[in-house]
Structures are given as structure tokens and as C-alpha cells.
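Once you scroll down, you'll see the structures, which are given as C-alpha cells.
You will see subunit A twice below: alongside subunit B first, and alongside subunit C after that.
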Partner chain A sequence: MPVSVLVLFCSDQAVSGCYKSAVQVRVHFYSYFKDLAGLAEVTESVAPGSRLEDFLQKLFLRFPKLAAMKKSALVAVGIDYQAGDYVLAEGDEVSLFPPVQGG
Partner chain B sequence: MRRELTISDQRIDEQALGKGRAMSAGMGAAVYFVGVVRATEEGRPIAALEYEAFQPMAEHQFHLLFDQAETRWPLESVRLVHRLGRVAAGETALWMEVVAPHREEAFAACQFIVSEMKRVVPIWKKAFPLA
Partner chain C sequence: MQLNNDEIRRYSRHLILPEVGLAGQKKICSTSVVCIGAGGLGSPIAMYLAAAGIGKIGLVDFDTVDFSNLQRQIIHGTPDVGHPKTESAKATIQRINPNVEVVLHNTRISSENAMEILAPYDIVVDGTDNFPTRYLTNDACVLLKKPNVYGSIFRFEGQASVFAPHLNGPCYRCLYPEPPPPGMVPSCAEGGVLGVLPGIIGTIQATEILKLALGLGSSLVGRLLLFSALDMKFRELRLRPDPQCPLCGENPTVTKLIDYEMFCGITPPPAVPASNPDEVSVQEMKKALDNPALGIRVIDVREPDEHQIAHVKGVPLFPLSTLPRQFTELEPNQQIYIHCKSGVRSMRALHFLREQGFKYLKSVKGGIGAWSDEIDHNVPKY
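What follows is the complex of A and B.
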């Protein structure tokens, strides 16, 4: 007999029925990405186990002006660059920025 | 390897940096590079560039580059200063120096660090056109 399973994600651990808390991720934009996003930082909730590339897709939907830059965008978690298969954890800070231009 | 890194909105004092050079007896080469703000950007005259950094990551990425340079060449020291904020045309935005036993490794390490900086260190610039 088929069994349906409903999994709930929530941001408040005190809420009963939650499978596991959503992961809160702070996002920072630098350089002209701030202008494209219209803000310097934002906090997003993602399901536990979410990969960075999936999170970025979600972010590009929310900030369509940034989506045009996704091929050249550089992405860091904390102070290190990370690939798309990086699994986000609670408290991670993601930074999104255009190619660098120091010197 | 001795390393000094400064990322700051203070003007770069090249004379003081030159006087601060330290080389032990086995060192025969000091190569330094000065990056100066050009008076044109993409063919248009500008008054200044404004540099912005994600500073904790910039410092970390510079140190990763220094680590790589240290494994590739027998360097005694690396000193690097990068300016932030508004830097007028003609002013120095980047100063760096590498000290090594011979010129080949000093030139190579200097070139490596500057080139890689332009690929991985999160610093950006914005041009201010002439009024």
C-alpha cells in the first residue's frame, strides 16, 4: 500500500511537526552587484542539505538583474571560494560578486 | 618567509617602504612593483578610481597566494600594500616587493602574485570621470 510522507521544513525549532529546521544563510553582495540586487545583504532560508548551486538559482529568481551576471559571478562561503556542490550549513555567509579588479 | 600585508585607505608611502627593506646576507634580489592609477579608463579620461574590498576575504586570499609563492620559490619576504577608497589618477594603488636569492625567482614570484591577485582577491574599482 502506498504511503505518503509529508516533510515539513521550518525556521523555528519550537514548532511541532517540523522535520528539521531550515538553514538560515546570510548573503552579501559586493561592487555593482549591490546595485543590481538593490541591497547589500539579505538573509534567506533554505532546506537542510541544499547545495550552493541550487541556492544561487533561487537567488537569481529573486534578483533577476543578477541572473544576467551568473556566468561571470564569483561565489564565496565565508572567505573561501566554493563550488556549486558545496552543502550549505546554518550560519553560512555567502558572498556574491563580479570578477575582481585589484591593482 | 616574512610577510607584510596592508589593505588600507591611507596613502602609500613608497619612500618609507623602500627604507624598510630588509635583506639577509644570502639575498641578492629585491623586485618591487608599483601599480599607478592611469588617467584614462577604457579610453576616457578619469579623475580617480575608487577601490572597494571584501577585506577579510581579500586578506585571506592574499595569504593563500603568499603560501603558494613560498612553496614555488625560495623567498625571504613579501610585502604588499593595496590602497582602498578614492585614489586619484597618478597615485599609487598597489605596492609590492619580493626578496629572493636571485632575480629569476624574485621576478617570477612578483609576477605570479600580481597576476593571481587580479583573479582571486576580492577588490573592485570604480572610475570617476573628470568633471
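What follows is the complex of A and C.
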């Protein structure tokens, strides 16, 4: 687990309390998003109650090459397509799918 | 409609399926389908629909068959190279099943003609290869209330769905409200595609069409099927209509077809291509290579795999992907000509090197493709 990420979001609260309440989310990148992100998957810690939209904003800051595609990505949690107001829960699997055009 | 004895023999394996039977086969035979694109996806779609006995198949394509199509577009063969794709596809369909009525639309589908082309058909199938046509097909289908059987492919992965807001499913815009910025997403021509992949995705599309025609099973309406050939895995996403969708949402703002090239940020090429001061021709590149005394360095910014396929002798490789590490090996005050496959990446390399303080840079217009056409036919085109 990347501790540095935890510290980032914990900076304004007691670290010990934060460890208990942090929500772990696994992120999967598909197709050429893997190339843009430089990896296929990553685990992130988010504050409880975080909305998908806000989480994605942070993710795009971490993976700036993906940021250009933020309005064109299909985002799913588990096997369901989700809108930005979805509240992330412990163990959620977030998948980012790019549009492809080939035929 | 009645089936004659030949048709009863031809469709016998359908007729003995209790779920299809004579009534089902008659439904298939009275269904009309229009296929946008007679390429990788269009090939298996049209061939299987023809074999199944779909009554009328419309084919929309303006292109001609190229050698580079044959690795996956199995409706066309080597003797068809240079001929219109629609005519080549029609010949294959009629060889498979002469009972099928084939209608050719040998034209580029556009906002001006899309409604007229699609309106007479029951089902639309999207086998195009570019974003503007995908949005155009989607919008026209939603406005015409016709199911849009969607498939797309890239490298080793593909996706398929059925978009049909009139059947309570989402449309393509619900999934991808905005097209990606131009140039961000490689096409199959740029990124490559495993030849068999459109066979898998196109066959799934053909299956969905037959199910729609028969009214059988659960369709891909509201689901996106994702396939990875490398993992040999299918995944599925549950979709839902977006109430904010500008096309099929509660307050639609798109009520007629728009300019899709503009929507996708594609600016049409000027009628007379303006000469770009940053570009040189392949003839000038040859002059530089033939006359070292001119002191012009020529470099190739394609990737090593591409260099193996084709290269110009004596031109060193500085792949664009590693250029940020390698550029220090170049001399910022020397004149440098940069080439790639077609002239796009070389222009990107030029801008990168200029930012690093390089002064005398030119991008070779048309890249190694133009070199093959105009200087040396022995250099293969890919």
C-alpha cells in the first residue's frame, strides 16, 4: 500500500485515525489507457465518503497523460457503469475504458 | 412470404431449431440490415447475415480494397484490390446466397445523406473505423428509432453493444458523451489490429442482429461486452441511459444531425495544401543523403519494430518514445531532417526538439511512405 498517498489525504487529520477509516479502491486501466498510465492497475486509498468524480480528478493529476481523456473515458465500478456522484466503498474496483474507433 | 424447396434445404439447420423454425426463418428473410463500413467488422457481419438469409443487406462504403485490408477483411480477396469495397462485398455475398438482395451505397455517409440511407432498413450495424462516423451513426439511429448494433476494435481488444434508447437502453453518447481530443486515439492504421479480432467482434454483432430479427434471447441492449484476445477473456459492463444525454436524455439538445467532423475536432484539409515552412519533400531528403557535404543530418523517429519492416539505408533511428533521453546525442546547431511513417510524428519530434533549443529542423512530408512512392519502390509500404 503506498503510504505516501495516505499521508497526502491524511495531512489535516491524525494519521492513526485515518488508517482505520481509509477506503481502499483498486483501479484498472484498459486498452491504451495502460500505455497512458504506464501500468495496468493500481490501489489507491481515499477518504470515506469520496465521490467517484473527485477521486477521478485526483487520479488524473497523478496520471497527467490520462487527463486529456477524462471526458471521453467510460468509468465502471465493479460491473456497473457509474456516474460521478457515486460514493466509493471499501474494496471497489474502478475500471477505466477508453473509446476505440477501429472497424 | 413462402420458402421454396431450395430455401428449405438451405436453411434446414435453422428450421429444425425449435426456437427458429419456419416462422423464425421467415422473419430473418424479411429483415433488412444496413452495414456501415465493408471492412474488418463488415466482412463477417455481411457474410454471416447473407448465409443466414437476411432479406436485404445494404452496404455503405466509399473506399477501395487495399492490400493492407486483406489480413482481416475476409469478404475481399486478392483479385479485388483496387476495386470498390461495396462491389467486392456484393460479389462475395451473392456467391454465398443469391437470394439476398444487396443494395450498394458507394458513398461517404454524412449528415446530408445518413437519414435517407438508413431509413429504409430495420437494423443498422456500425462497422466504421472512425469517431465522426460512429457519432453520426448513433445520432441517426436514435433519431430514426432504429437499433444500432455497435462494435469496435483496436489491437487485441474489442467491444460490442446494442444501442437502442427506444428499447430503454442507452445510446453511444450515454457512454462516451464527448469524443476524445483529435490525435489522442490511434486508428487501426496507426496502432495495428490482430486480423482475427474483427472476426470475433463482427460475429457477435451478426449474432445480435439475428436475435433482434427473431426476437430471441437477451440482447446486448444495456450491456457492453468487452473482449481481450490476449487474455482470452470476455467482460461485461451493465450500462444505463444517461438522463443528461444530449441526444436521448430528458432534455435533448441534439435534435438533428450535426457536423461530426467539427464535433470530433477534425479540421478538413485545405483544398490546396498550403506549404508548411517546417516541411521538406522526400526529394530534398534524398539530396541531403546523397550530398553529405551539405552537412544535413537525417534521422528516423519511428519505433524499432517499424524500422525492421522498412527503412531508408543510412538513416539512424531516434524513436520518438525515447527521444527525450536520446536527443542529447544530436547537435542543436546542425541542420536536421526528421522523418517518420507519414509525417505526423516527425512534426511532433520537430516541435519537441525546437523546445530543447534546436534551431534548424525540418519534417519530411509524407515520411517513408512518400519515400517509397516517389524515390524508392523497393522500400515496402506498411
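Note that the second predicted complex is superposed on the first by the 79 of 103 C-alpha atoms of A that agree within 3 Å, B and C clash if a C-alpha of one lies under 4 Å from a C-alpha of the other, contacts with A are read in each partner's own complex, and residues count from 1 in each chain.
Note that in this section a contact is a pair of C-beta atoms (placed from the backbone, for glycine too) under 8 Å apart; a residue touches a chain by one contact, two chains touch by 3 or more.
All values derive from a computational prediction rather than experimental measurement.
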Under the stated touch criterion, which partner chain does A:Tyr81 make contact with: subunit B (first), subunit C (second), both, or neither?
both
Contacts of A:Lys71 with subunit B and subunit C, given as first, second, both or neither = second
Going through subunit A, the residues touched by subunit B and also by subunit C turn out to be 30-32, 74, 76, 79-81, 95, 97-98, 100-103
Interface with subunit A, subunit B side, in the complex: residues 35, 51-54, 56-58, 60-61, 82, 93-94, 114, 117-126
Subunit C partner, complex, touching residues on subunit A are 30-32, 68-69, 71-72, 74, 76, 79-81, 83, 95, 97-103
Subunit C residues touching subunit A in their complex are 37, 39-42, 126-131, 134, 151-155, 157-159, 175-181, 184-188, 191, 193, 198, 224, 226, 235-240, 242
Interface with subunit B, subunit A side, in the complex: residues 28, 30-32, 74, 76, 78-81, 95, 97-98, 100-103
